[in-house]
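The next block holds one structure in the form of structure tokens; read it before the comments.
Chain lettering (A, B, C and D) follows the sequence in which the chains are written, and residue indices restart at 1 in each chain.
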Amino acid sequence: MHITEGVAPVHLALAGAAIAAGGVAAGLRVMKDEQIPRAALMSSVIFISSLVIRLPFGPSSVHPILNGLTGIILGWVSMPVFLVSLFLQALLFQFGGVTTLGINTVTMGLPAVVCFYLFNGPLRRSRSWRRSFLTGAAAGTVASLLSFVLWSIALMLCGKQLMVIAALALGPHIAITIIEGLFTGFVVAFLSRVYPAVFSTPSLMKRGRAD
Amino acid sequence: MRETESNGRVLVGLDRLVFSYEDNAPVLDGASLSVSEGERIGLTGSIGSGKTTLLHIIVGLIKPQAGTVRAFGAERKKEHDFWEVRERVGLLFQDPEDQLFCPTVREDVAFGPLNQGRTREETSEIVSETLISLGLGGYADRITHHLSGGEKSLVSIASVLAMKPDLLLLDEPTTGLDPDSFDRVRSILLSLSQAMIIVSHDERFIRQMTTRQVRIEGGRLTDL
Amino acid sequence: MRETESNGRVLVGLDRLVFSYEDNAPVLDGASLSVSEGERIGLTGSIGSGKTTLLHIIVGLIKPQAGTVRAFGAERKKEHDFWEVRERVGLLFQDPEDQLFCPTVREDVAFGPLNQGRTREETSEIVSETLISLGLGGYADRITHHLSGGEKSLVSIASVLAMKPDLLLLDEPTTGLDPDSFDRVRSILLSLSQAMIIVSHDERFIRQMTTRQVRIEGGRLTDL
Amino acid sequence: MSCTTFYAGETVIHRLDPRPRIIMTAAFALLMALTDHSGVLACGIAAGLILALIARLPAGPLLKRMIRLNIFMALLFLFIPATFGGRPDFTIFSIPFSHEGIVWSAVITMKANAIVLVFAALLGTVELFSLGHAFHHLKVPTKLIHLFLFTLRYLDLFHHEYLTLLRAMRARGFRPRLKIHTYRTLGYLAAMLLVRSLERSERVMAAMKCRGFRGRFYPIRHFHYHRSDAVFSLVSILLIAVFLSVIYADIWRLW
């Protein structure tokens, strides 16, 4: 779900960077200093998980995207979290790239923010395993589809002829979306059972810990 | 239990294993051990002497650089050779936190049997049986992560026993337990009929629990 | 060190503390303790008995539901009452990974002094001093997460000592250490002149290191 | 982790101040994104190769990166010329491959390779934490930098926790298969890691408070701008200026 290095012409790279900068600034404003460790440690786990977890898909496997999950938990803070994570991916593995960093942050981060507004409230009110699972699955699905839509639009703006690539990716991406939904559903169901406080943003510092 | 003789069928045979982590000096350097049905072996040795490594080699989580692993009548080399081994050997990790990852106790205990290919009904029966036999009858729907340290230890034992293994590998099953949980774990382990290897640095505990004691030192095993 | 008498000024006084996590049974239930200058107190008790909780109450990370905390001559109740306490009490966490959150050793050791309001120059001097005194002279620019477990323990001790605390609270300072690091930590702790509370379940270690032993059981503290 | 970063090294490039390297990489990347001039792009690739040689980037990992990048480029060559329209260069199975499509794909491929080479040689050679500190001096918001530094700090730790849990799952007979059970198990694994990260973040925050943290960070790493850095900056600026004049001279002529 990345726009590859070099594909974006300069005006689009800059436009992407500008939109991303706005979102990141909003995220940084929401995040208080004492929430930095929490956001960062989660970002660490999200980065690791999306790299190492392989979800079986036919004879091969896909990596989870996890932006629906990130969005439900972190809201606007997802924007800086994805900026950091995409920068690291470009630096360490050459996924995405520098010129497309802004665009990719937007295609990953904006759907996350949308999921926060759509699903965080319902999830907080959810009392049953089933409902939490369904809400999580919906978030995973919506985020994955939205990312695909934004990615296709970005691709098309890079060059109309790239529509072929987007069209080719549609089939596999639908399968990926289904898997992503299932996976996110299980993660969210687990969290709402074991650690529901994770969905109520500011109040995480008050829980103590026994030895 | 203590009087069981080690004259049963050989379950696992390790022959001259060599293993080192990256470029360090070998942890195991010609280690050999054979475990027979009904045997209860105590494995002692100082920190970093390779006790845990040895257990992990038996179930193929670590592959030795030299030497052979035989288990249940066949030599085991590749990852898929160990699939059967893992279904018949129960490994209890040192820290229950490393072992338990499901939301509820029920799901954690059911995880092994489901991997063995049992149906939902069989599994749910095994889960209740196992929990009841360990005195954890009311725990099925408790959230694993919220249990106390001692309770987590008991649940992780349950999750291993639910696979009905022929051989148990127990890595420091009692460290950090409060006296009550310690007594409970001890009497559970004494009541089991499976062959087992118990790793511990508590030598008194080892002498009480096992029929044969082995010490690991300089990468080799010697009977005590 | 062992002969130091506990007749100094009282540093911290805990009086009939009550604390429970959420709706569980109280972990502390009338726990009282007083620590004087130069005292070295060993605190033992099984897992979950409230040892860590007690240390966290002293520095105000956890607020007790009843009872009083006095430190350095004043009662401490609110978050900002504890700011001064935290600058004079060094708490060493059980897991060095929690304590070492900065990228490099230098930054980690400097974190406390900078927060205490020391200048850059003072801080950099304190950092080198502290590291050298612990035999970590060449470590300043090492990347924290590349250190070995033993090295992490030593650096986290350095990061606490750099604040020049009057009282040290050490939560299981030796668990998981290899024999070499264990000896190094032990001799460092023996060489310090500060008052300290050492939490450990290793009773032999506690007897060696401390002048007074206290056991926590059923939420209360009793001298041994 | 299987990171293919290149900061282990002792070359001139490794010793340069990270700040001008960041600025020059960004400027270079924008320049490459700006131009379609094949001469400039070829020079860009040459510059990238020269930098990679000077930095002595290990061939294996670098090749792996370049292949990863060029798989997408191969896709472009496969599909774009056939669907681009315009004057066909040749036909395969009566599908016309258009000249414009081939040129377009080639331009994109050159841009991408030039940027990736320079990026790897200039930024890939900065130790990651120094990169964070350098960003601080370039006025990137402090919160973002601490987010970056904390994320980095705990990557290895959580990767290790992941491997530990996965090992325990394998020990109990788990093998990934195309089954709901697999997705559920891996979902629990990720969720468990998140719970652990949250609990650890509380302990980290507590440790920070204990050492007097009241919401202010003090970064202390400083860099020194040496003569070699000035030389590097000057050469880079000159090169970029030459590229720019070529590009604009070209546009002018087209005009």
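Some points to look at:
We adopt the following convention: a contact is a pair of C-beta atoms (placed from the backbone, for glycine too) under 8 Å apart; a residue touches a chain by one contact, two chains touch by 3 or more.
Everything numeric here is computed off the predicted structure, so don't read it as measured data.
Touching chain B and chain D at once are the following chains: A, C.
Of the two chain pairs examined here, A-D and C-D, the one linked by more C-beta pairs in contact is A-D. When chain B is laid over chain C using CA atoms, the rotation angle comes to 175 degrees (nearest 5). One inter-chain figure worth recording: chain C and chain D are separated by 42 Å, centre to centre, where each centre is the mean of the chain's CA atoms.
Centre-to-centre, using mean CA coordinates, chain B is 35 Å away from chain C. Annotation: 19 Å between the Cα-based centres of chain A and chain D.
Annotation for chain D: residues touching 2 or more other chains are 149-150, 152-155, 157, 188-189, 191-192, 195, 200, 203-204, 208, 216. Within chain A, contacts with two or more other chains are made by residues 37, 189-190, 194-195, 209. The multi-chain contact residues of chain B, meaning those touching 2 or more other chains, are 103, 145. Across the complex, chain D is touched by residues 56, 59, 61, 83, 86-87, 91, 93, 98-99, 101-103, 107, 111-112, 114-116, 145, 159-160, 163 of chain B. Residues 46-49, 177-179, 201 of chain C are the ones that touch chain B when the two sit in their complex. The touching residues of chain D, counted against chain C in their complex, run 127, 129, 132, 149-150, 152-157, 200, 203-204, 206-214, 216, 218-221.
If you check the complex, the residues on chain B that touch chain A are 103-104, 143-146.
Here chain D touches chain A in the complex through residues 1, 3-5, 25-26, 29-30, 32-34, 65, 68-69, 72-73, 75-76, 79-80, 83-84, 101, 104, 108-116, 119-120, 123-124, 128, 131, 141, 143-144, 146-155, 157-159, 162, 176-180, 182-184, 186-205, 208, 215-217, going by the rule given at the top.
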